[in-house]
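Two complexes come next, and they have one chain in common, chain A, joined by chain B in the first and chain C in the second.
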Partner chain A sequence: MTSYRLELELDRVAGESKVNVYLVNGEVRVEYASQLSERLLERLVVGREYRYAPYIVARICGVCSHAHFWASNLAIENALGIEVDEVTAELRDICNKLQIIENHLVHLIFLALPDYCELEPEVITKAIKVREIVKNALNTICGRLSSPQPYTPGGFIKEISRLHIEKTIKSIEESTPIVDEIIEYVLSRVNPPSVNDPSPIYLALSSFPEKSVPINGSYVLVSNEGYFNINEENYLNYFNEVKPSYSNSKACVFNGKIFFVGARARLLANKYVELDSELLEILRSNPYSNIVAKAIETRYLMRDITYRLRSICGRAPRRNTPSKKNGKGLSVIEAPRGLLIHYYEVDENGKIKSANIITPTVMFAKHVEAAAETLVRRLNNEGNETSTLTKYVEMLVRSYDPCIPCAVHVVKVS
Partner chain B sequence: MRIAFISLTGCEGCLYNVINEDLFKLLRKYNAELVDWRLLGIKKSDEYDVAVVEGSVVSDENMKRLKLIREKSNILIALGACATLGGVQAGLLDVNNKQRSTPLHQHVKVDYFIRGCPVKTNEFLNLLELVLKGVKPSVYERRLNLVERPVFIIRDSENFLQLDSSKCIVCGRCIEICKTMNANVLNYVNRGISTLVSTPYQDPFDKVGCHYCGLCVAYCPAGAITYRLEPDKLKRSGNTEIYIEPEALAALSEAENLEIGQVFTALRLLGFSKIIVYSSTINVQPGRIYAKSPVEYQLLKRFFANLNVELLVPRVPSNAIYVTQCVAWRKQLRNAVTTRELQLVIRNIPREILTEGREDLVLVNLDPDVRVTSDLREIEKALHNELDHTIIYSACPGGCLMGGGQPISFRDNLIHSTHEKRAEILSKYLHSR
Partner chain C sequence: MVKVKVNNVEVEVPQESYIIDAVEKAGFKVPLLCYLQGLFNEATCRICVVKANGRVVPACRYPVQEGMNITTSDDELEKMRKINFELLLATHNIHCWDCYRKSTCTLSSLSKELGVEGIPVCSECPLYGDECLVNQGIPCLGPLTVSGCDAECTRQGALCIGCRGFVSSRDVWRNAIKFYRENGIRREDLESIITIFWIVLPIKLREIIDEVYKH
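On to the complex of A and B.
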C-alpha cells in the first residue's frame, strides 16, 4: 500500500467539510476543504450605510453570530471614533462570553464527546438544560441566540431592566454546579490521543478574559514569540490569506508561520487559570487537547460572568454618537473558536467602502492540515489500518471545532 | 416516521436554534426517528419521510441534492429565510453572475415554509407536531402558533363559566356580542400577533361584572368559552314533570331538524310523563315592566335606576325540570337545564323511533297587550309616558330564541337564517294552539 487517497466527509461539525488524505510514495498530503458554497457576505456590506453592516455580517454564521455582530460594531466604532461607555462594553463582552459557553457546551457534549465514549442520557439532559439557561440569559440581553440585534455602533437600542439581569444572575448561579458536573464528566472521559504539534505557535488576545480594548489604537496579540500590536494599518502585514484551489474558504498564516487559535491558545497565552505543569505540557504539545482547554474555559467563564453581571447590575448603558465622518477601523475579539478580525473602511457619506473579515476557522485551517499530516505519517509508519486512520483524523479535525459557515463568507473585495 | 435535518448553503443558525429539549420530547412522543442530522453526527439511513431543509440553493451540487431530497421525502419543510427567500446571500445576484442564491420552491415543490432569520423554534415545533400527527395544517392555523402565548384559563368563583385561551382563535365574536349586551367583560389584550381575548387583568368573570347572558358561549366557534354542561341532570333526576319554554322548543326543533311533535316524543322517551310548555310571561300583570331574566334586570337597573321593574321568576315546582334558553336562569335555578344540554341527550335517540307526540299542557301568554322587546328606547319612552301595555324586556339580540343557552344548529351555518327559521316554527306552533 504505497499510495492511496482518502476522502473523509465530516459530520458533527458546523457546515459541510471534507478532509482529503493523499499518500503518494510515502509522502503524505492532507487537504482540509470546505464544501459549503461561498456566500460572499463581505461584498454585500460594501456600498451600504455603516449601521446596516453588523446586521448583515451577523448572518455569516448562526452558531457564533454574536461574535461577528460585536466585532463589526467595534470595528465601525473604531473607524468613526465612537466612544462606548463602560456598561455597554461590559454587556457586550458578557454576551460574547455567554456565546462562548453555549458553543463550548454544544461542542463538548454533542460534537466532540461521542468520539471518546458512549454518551449517557443523563448528561445529555443536563447539557440541554444548561444550554437552555445560557440561551435564556443571552436572550435577555441580546433578544435571541442567532443573528442578534440589540445594539448599533454607539450603544444599546434594547432596554435591559435590572430585574432581568437579577434573574439572569440567579439562573446562572443555579446552573453553575450542573456545569461543573458536566465538565467533570467530560474531563474524566476525554483521553486525547497523542500527536506532536507540528507548529506549536499560539495566538490570542492578550486582554482575554478581560474585555477587548485597543491600547493606543492597537490591539495586543500574544503568542509564544512575543507581543504584537495590531491596528488597521498593519494587520495585513501579519495575516496573509491565501485561497487554496481545493477549498471554498481561505487559509491564513501569521508572520509566515502556521499557527493555532482557540481555547487552547487563550489558556496557554494568558494563563488565566492555574494549571499543573503536566497538563500545561499536554496542552502545549497536543492539538487534541483543545477539548480539555474548552472544558476548563467553560468552568472559568461561568463564574466570571456572574461576577461581571453583578458589577453592572442596575447601571444603564448610554448611547454615543460618531465624532468623525469617515475612517478605517479594525477590531480583534476572541470568538468561541479563536481570534476574529473585522476591518471596515467608511467613506464621507457614511457608507462602507471596503470590508475584510478573518475568521478563526480560516486562521487554523493550515494548522489542521499540518497536524493531520503528522498524525497520518505516524499512523502509517505504525502500520495502522485505514479505518483507524479515518477515526483519528476525524477526531483531530473535530477537536478544533471548525465552523465552515464562518470560513466560506470570504471573497477578496475589489 | 423518519425525519432528516439537512442544510444546504446557509449559516446553519436555524438548525442550531431548533436543537432543544422540546424537539427531542416531541420526537419521543410520536415515536419519530432522527435518521440524518450531520451536525449531531446522526446518519442512520438514507431513507426518510420528512425532510427539514435549511439554506438556499447556490451551486449545482445543492440543486442535485435538493432534487434527491424531494424524491425521497413525502413532506419537505423549508426552514428559515435562506430556504424560503434565498437569504442574505441572495443580495449578490448582480455581482457574481455565476452564483445565484435561490429559495427551494423555485426548484422543487415545498410543502411547508417556516420563515424568520433565525426561525422561531416554537413555530417550527408546532408545525412538526402537526406533521407527525398526520394533520395537514392550513396556512391560517394561527400562523402555526408561532407566538409563545401565555396560556391561561379564566373562570368564575363557582366554576360555571370558563375561558380557555389555548383554544381561542381570536376571532372576536365574543367581544362583539359582549359589547352588544352592554357587559364589556371581554376584550382584546396585547397587540399584533400576541393579541388575546381576556377579561380585564384575567380576573374571574363574576368580579368584572359579567351578568351571565351566555351569548359568548353561543357565539364562540372554537369552544374556547364554555359553561358547565350537565346533561346527566336530565337522566338521573327521577323527575317526571318537565317544563319547557316555547322558544327552547322552537330552537331545538330547528337545530335538530325535528318536528315539534317529535321533540315531545323524545322527552317522553327520556322518562317524562308530563310535558308542560311554559313561559314565565303567563304571570304578568297588565301595565308594568318586566325583566325576563337576571341579565335584563341588572341591565335595566344599571341604565334606569329609578325604574320600577320586576323580575319574571319562572314558577316551576322544585321537583320538575325546567328547560330554558337562558344561561342566567340555568346558573341560578337548581332544576334548570339549557336547551343545549337537552340537545346533547336528544341527539343520541335514533330518529326512526321518534313519532309525533303531543304536550300535556300549554301555559303561554298570548295577550296582544304584552309586548316583548329588546329595545332600550322603548323602556325609556315608558319611563316618561303613561304605560298602556305590559313590556317584557329581553336583552339578547333576537330575543329568547337566540339566548345564550341555545342549541348548536347543525343544519345551517348562518346565524340570521336560523333565527328566521326558529321564529317561523315558533309562530306556527303558537297559532295552532
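On to the complex of A and C.
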C-alpha cells in the first residue's frame, strides 16, 4: 500500500460529513469535510431587533438548540448591560445540563456504542425511557426540546410552578439509578483503542459544572497552558477561524494551536469528578476516551441537576430591563459538545449590527484531522487492511460526536 | 335487523338505521361536521361521505340496506372530503383571534385531521382577550401562521414567529393585517418579524399591507 485515497461517508453522526484519507508516498493527510450546505444565520440576524436574534439562531440545529438560544440571550444581555437574577441563571443552566445529558445518552447508546459491542434490547429500552424523562423535564422548564423560547434577554416570560419543579425532581431522582446502570454498561463495554493524542491541548470554561458567569466582564477559559480571560474585545485574538477549501464549515485554532473541547476537556480541566491516575492518563492521551468522559459526566450531572433544582424550588425568577441602548456582548457557554461562543453588536436603534458564532465542531475539526492522521500513520506502518483503517477512523470521528448543522452556520461569500 | 359490512367487518343494525350508525357500531370513524345525533342529519356539509356498494353517499343521511358493503376511507374519499372542507372554509369568515370557540372549534380540529391549511395558529392559542399578545401591542404572527403546532410558543408566553408558514387564504391575511393595525402595531415592526421566515413576501400580502396601512 504505497498510495491510496479513501473517502469515508460517515453514518451515526448528527448531519452529513465525510473523511478523506490520502496516502501519497508515505505521507498521510486527512481532511474532515462537512457536507451540509451553508446556513447563513450570522447574516440573517443582522438588521433585526435584538430580541428576535435568539429565536432565529436557536433554529441553527434541533440537537442542541437550547445551548444556542441561551448563548445568544446571554451575549445580548452582556451587550445591553442586563443583569439576570440567580434563579433565572440557575434555571437556564439546568436546561443546558439536561440537554447535555440528553445528547450524551443518545450519542453513547445509539451512535458510539454499536462500534464496540452488540446492543442489548434492555439497554436500548432503558436509554429511551431515561431520554423521555429528561425530555419531559426540559419540556417543563423550556416548553419544548427543539427550538425552545421560554425566555428573552432579561428573564423568563412565564413562571414555572413549584408543583412542576417538584414533579421534575422526583422523575429525575427515580431515573438516576437507571442512568447509573446504563453508564456501568457503557463503561464495561467501551474499550478505547490506543492512539496518542498529537495535540493534547484541552480548552474548557473554568466555571463548569457551576453556571457560566463572566468575572469582571471576562469569561475564564482553562487549558493545560494556563488560564485565559476572554471578552468581546479580545476573543478573536485567541480564536482564529479559517475556512478549508474542502469543507463547508470553518476550522479553528486557539493561540495558533490545535485543541479539543467537549466532555473530555471539561473533565480534564476542572477535575470535578475524582478519577484514578490510570483513567486520567487515558483521558489525557487518548482521543477515543471522549466516550468514557461523556459517560462519567452524565452520571455526575444527573445528581447535580437534582441538587440544583432543589435549591431553586419555590423561588420565582425576576425580569430585568436593559441599562443601556447599544453595545457589544460576548457569551461563552459549555454546550453538549464543548465550548460555544456567541458575539453580538447592538446599535442605538436596538438592531443587531454584527454577529459571530463559533461552535464546538468548528473548534475540534482540526483536532479530528490531526488525531486521524496519527492513527492512519500507525495503522499503515503496522500493515493493516483498508477495512481496519476505515473502521478505526470512523470510530475516532464518532467519539468526538461532531454535529454538522451548527458547524456550517456561515461561510464568507467572496 | 339488517346485516351490513363496514370495511369488511360484519355488523347487524336495525332496519331504519343510517350508515353512520353501522359505521360506529363496527368501531370505525368518519369525520363529521354538521351532523348531530338525533337532532340534525340533513347532509349539508358532505364531510361524512362514504362509499356504499361503490357509490359515494353521505353517511349521516343514507339508510342501510341488507348486504350493503361500506367503505369509510380510500384516496378518492379523502380527496372529496378535503375539497368539500376547503369549499366550506372559503365561505367562513376567519377571525380566530377574537373568536370565543378557539380550542373547541370543530373546523380547526377538522382542518388538522384532513390536512387543510386554512386556519391560523390563533385557533389553538390559549391566550384570550387581554392576554392576546397582539392586543398587548406585540407583533405575534399567530393570526397569519398555519395552525397545527398546538401554539407551543404562545403557550409559553412567547410570540409566534411564523415558522410553519402563512395561511393561504387572502381573506385571512386582510383580516389579520387589519387586526394588527387596530392594535397599533407599526408596519416596520410587523414586516421585520414577518421576514424572519418569509424572506420574500407574497406580492398579494404586500399589497394588502400597503392598502391597510395607507389609511
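We adopt the following convention: the second predicted complex is superposed on the first by the 411 of 414 C-alpha atoms of A that agree within 3 Å, B and C clash if a C-alpha of one lies under 4 Å from a C-alpha of the other, contacts with A are read in each partner's own complex, and residues count from 1 in each chain.
Methods note: a contact is a pair of C-beta atoms (placed from the backbone, for glycine too) under 8 Å apart; a residue touches a chain by one contact, two chains touch by 3 or more.
Being a predicted model, the structure only gives us computed values, none of them experimental.
**Q** Answer with clash or fit: chain B and chain C placed together on chain A by superposition.
**A** clash
**Q** Applying the document's definition of touch, where does A:192 land relative to chain B and chain C: first, second, both, or neither?
**A** The answer is neither, since A:192 touches no partner chain.
**Q** On the A-aligned overlay, A:360 touches which partner chain: chain B = first, chain C = second, or both, or neither?
**A** Touch status of A:360: no partner.
**Q** Where does A:214 make contact in the superposed view: on chain B (first), on chain C (second), on both, or on neither?
**A** In the superposition, A:214 touches no partner, neither chain B nor chain C.
**Q** With the two complexes superposed on chain A, say which partner A:322 touches: chain B (first), chain C (second), both, or neither.
**A** Neither partner.
**Q** So which one touches more of the residues on chain A, chain B or chain C?
**A** The partner making contact with more of chain A's residues is B.
**Q** Between chain B and chain C, whom does A:144 touch in the aligned arrangement: first, second, both, or neither?
**A** both
**Q** Where does A:56 make contact in the superposed view: on chain B (first), on chain C (second), on both, or on neither?
**A** It touches chain B and chain C both.
**Q** Where does A:110 make contact in the superposed view: on chain B (first), on chain C (second), on both, or on neither?
**A** After superposing on A, A:110 lies in contact with chain B but is clear of chain C.
**Q** Touching A:129 in the superposition: chain B (first), chain C (second), both, neither?
**A** first
**Q** Where on chain A do the contacts with chain B and the contacts with chain C coincide?
**A** 44, 56, 59, 144, 147
**Q** Taking the touch rule as given, give the residues of chain B at its contact with chain A in the complex, in rising order.
**A** Residue positions touching the partner: 7, 9-17, 19-21, 24, 38-43, 58-59, 61-62, 87-89, 91-92, 95-96, 99, 101, 117-118.
**Q** Show me the residue ranges of chain A that touch chain C in the complex, using the header's touch definition.
**A** Residue list for chain A touching chain C: 44, 48-49, 52, 55-56, 59, 142-144, 147-150, 152, 157-158.
**Q** In the complex formed with chain B, which residues of chain A make contact?
**A** 11-16, 36-41, 43-44, 56, 59-63, 65, 106, 110-111, 114, 125, 128-129, 131-132, 144-147, 405
**Q** Inside the complex, what are the residues of chain C that reach chain A?
**A** Within the complex, chain C contacts chain A at residues 152-153, 155-158, 161, 163, 192-193, 196.
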